[in-house]
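Just below sit the structures, each encoded as structure tokens.
The following pair of complexes shares a single chain, chain A, combined with chain B in the former and chain C in the latter.
On to the complex of A and B.
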């Protein structure tokens, strides 16, 4: 028995070391963000010293010169708006096409599945032109693009769940005098709560971090997401301010870590549930 | 009920359908058509047949990126899945701290590809600097850099799926294997792995399609350097579209080929692993 216990102790220890190595990249950018910019590339692995310490300067540059906080705001608006639209409209859509036995319901379902496999590059050029023509190049317009492009996975997951709801529940509601709309909102929607969480989490992780779609669709003069701001700090001509980049990387990671720690149980369950249906 | 519901079709179907047409169906079919055209904007397209496809295949950078991407996708598929599976096996044992370890290994998954790319660029260049080297010097640094990056990002995600799978294996199956005196190795390959095939199907599907579609990480970490030798398919297509005027048609033809490739690989992969799934 004690041999087994030692074995477990060793396993614990090994995994503890692996975990520390695993999170170390995040700590490296954290302490580099407090070094003045000229010292970062020279010795990225040394902690800030009295000489290299820069205080909050890099953060202030990131916020004042690169408009980082604005990009956080736009990313938040786009993510919340798109996820809300996807949850509401795709669940209604999925319930409809699962419960009606018309030919077009089947066609719509298959089209949604198909859209999940198509890589973004296939539609990137034509989508950005379409969005321009229809004036969807604002954070509000891009919500429509996300609803369209995110529909595949959402409809697939919702309709998988709808199939598992016994029809009797909905029929009872109809007998009690509910029309389709009130049946959906009063009966189906509450039952589907776990799927709303799964879909909401998967879509949030995608849209918050997405780069290419907003980069091609949004009017960059007025609106930038976090990923766009970080990419442009590096990609734009002229000098690269490593200090400001480090600060912005830290500020980009923090909201996601807060989101993760707050909703960790749901996120891990959501990922597992989303995959099992796939 | 079917009838009453159908009368409400506009409310339930139209919002998503309209967005689906604008955001996916329209651009998809337009893209298919434009791959046979010469154009710089969508309005000035003229039909040119298969010219764009011929030019795509005679583009050495495209073929180079195809090879690089295939090698990358296979390497990352093997590494991510083996490590994630091993971690899942370890973390479903009973010992202190398994929940904290799960939390930590999953965390990088929430960070966006662009941000990941710049985090690792600093670290990898910092290590290489000790050997007087840098990411932009040799394609093999870029290749392994990208592998380390996607492993860091995706191992936790796949681990969660494998853990969920391991927890569905009924205890009596394991007991039966123990009673029959199965060795650790036999237990793994004759019992656990076959029972886990549904999870393996999903994870290999996700890792291989992620590998082929990788873009953000590639753009941020190496941007194709040195001399486009670490440019993957998605980035190659992007650069064809937006790098030079007059190559939009070629870019679209490459995108169609890319789409077909991803679908074919997904179908082959599903076929191979689905065949090995056992009935419980």
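On to the complex of A and C.
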């Protein structure tokens, strides 16, 4: 009994250390964002003191000098638009290919799964060229690109859930007077709510934090996402403003942390949903 | 309210799998008809074709005087109760029941009136605000019935609606469904593989096997006069005993030779139909309740006594099932609970030859049902 308890204690200690290691960068960024930029480079791991404390200055610089709020706006538009498109189209698509027992349904499903295993780096140059040619280099256009990249995981998760919905429920809806669209929107969609939340959270976190895709695709003269703005701070005005970078990183990451903490329960629920027959 | 006419209907699935073959059924208005048969016999497929959930490969289907082959399910004026109830999990009981009416854009007052009326008659008024997951199996079953009732459909289709309930609840729901049918006065088409449900609930029973209708008749006629060995074996529990016999003519009597014994049929009831079978093998069927262990019966039927070994005795309370060995054959007898016979005994028991069923050994069709 005591050996078991010791084992458990050691495991807890190791996990606690691992958690601290994982979370520490966030805290380092947070307290550095309140330090004067000179001291960030000199002693990056020390807490702010009376001497080094800069108050909200770094935040104001980030907002006023680097167009941070504008980039938040573009990031928000891209994230909301892309996540909405992924949820709507991928759930409908997954429902269709799961319920249609044709050879092409299987092929389409496998194509979606295949898209998950192709590394982004393999396609990024052809993608940026194609996106440019098709005038997808705007926040509206990049939504379509994100839809393509997000489809693999979304279709995989939605298909898994649809398989767990008894077909009889949809047949009951047909007898009750629903056509395919009303069956989807009035019956299937509300039942799939846990998977919508999961896919929504995963895609939101990815798209909000993504740097490479918008960097390659967007017309940088007119549109910058948060990650691009932070990247631009390195070397803008001839020097690196670490204080502003830290402040912007904090401002960028806070919405995601709140979002994740509020929704983490649903992520597990949604991933597990469809795994076993209810 | 409407009649249903199934005319030469077949259903062939991709891969040339025939689920239903040339099915013909006439179901009059207000009838409670049961489709029964083993798994995969095509009973649910017929029901689903009536519902409009499966396309008909061949033939015509009429509800009332309207051919509905190409009419979508929602326009057939039918309601269906599924085996799993198929309630909408995200909706309350009230919403579940009113959904079909809402889809038909019925005024809210009317929806409310109908839902409450149906809920009252099914005694589920107190459950209207609950979600399906907060209901027991029996309550879900009632909600599924209520959902069908509010629509006031011409035809009720029920696909094994009691199979997910426990034995006690199933028995009480059987009675309630029969009462409901009488109260609504609507055509009920009911699918089950449980012959107790079939025998107790239906006005008529359709027995199916391998997608082919075997016999359509009242429960009693099916029991007393099965048209073939399949129906004879399927209807009745424990099932009918079958023995291989040879038909002989002994003077003026027709007799059956089984295991070296000779049992004669009542002369006045066996007639010309047996003539072609003289000297040929036939299947001799006898129901468990027509094998008797009482001394009085044995004394009166000395010519139909058989020597048996009692293998197992199963007391059921109101009766006892005896599993017997008669030569190479295994028989089941249903006897009174007062029987003195027990496992391991060797005894002579009597077969009631006035209750014999004979079947053609090759075609399996009935030759004689006494």
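In this section, the second predicted complex is superposed on the first by the 236 of 278 C-alpha atoms of A that agree within 3 Å, B and C clash if a C-alpha of one lies under 4 Å from a C-alpha of the other, contacts with A are read in each partner's own complex, and residues count from 1 in each chain.
Everything that follows uses one rule, which is that a residue touches a chain if its C-beta (ideal position, glycine included) is under 8 Å from a C-beta of that chain, and two chains touch if they have at least 3 such contacts.
All figures in this text were calculated on a predicted structure; none of them were measured in a lab.
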item: Room on chain A for both chain B and chain C (clash or fit); value: fit
item: Touched partner set for A:262, first chain B, second chain C, both or neither; value: neither
item: First, second, both or neither for A:174, with chain B first and chain C second; value: both
item: First (chain B), second (chain C), both or neither touched by A:60; value: neither
item: First, second, both or neither for A:100, with chain B first and chain C second; value: first
item: Touched partner set for A:193, first chain B, second chain C, both or neither; value: second
item: Spatial angle chain C-chain A-chain B, Cα centroids [nearest 10 degrees]; value: 90
item: Contacts of A:113 with chain B and chain C, given as first, second, both or neither; value: neither
item: Touched chain A residues, chain B compared with chain C; value: B
item: Touching partner for A:166 - first (chain B), second (chain C), both, neither; value: second
item: Which of chain B and chain C A:17 touches, first, second, both or neither; value: neither
item: Superposed arrangement (fit on chain A Cα atoms) - minimum chain B/chain C Cα distance in Å; value: 7
item: Intersection of the chain A residues that touch chain B with those that touch chain C; value: 171, 174
item: Contact set on chain C toward chain A in their complex; value: 51-53, 72-74, 78-80, 82-84, 86-90, 99-100, 103-104, 147
item: Partner chain C, residues of chain A touching it in the complex; value: 166, 168-169, 171-178, 182, 187, 190-191, 193
item: Complex interface listing, chain A residues touching chain B; value: 8-9, 11-12, 15-16, 18-19, 22-23, 25-26, 28-29, 32, 40-41, 43-45, 85, 89-90, 92-93, 95-97, 99-102, 108, 111-112, 115, 117-127, 129-131, 134, 136, 144-149, 151-152, 155, 170-171, 174, 179-181, 184, 205, 208-212, 226-227, 230-231, 234, 245-246, 249, 252-253, 256-257, 259-260, 264, 267-268, 271-272, 275-276, 278
item: Residues of chain B defined as touching chain A within the complex; value: 1-2, 4-9, 11-13, 15-28, 30-31, 34, 41-42, 90-91, 93-97, 100-115, 118-120, 122-123, 125-126, 152, 157, 160-161, 163-164, 198-199, 202-203, 205-206, 209, 212-213, 215-216, 219-220, 233-234, 237-238, 241, 248, 251-252, 255-256, 258-259, 262-263, 266
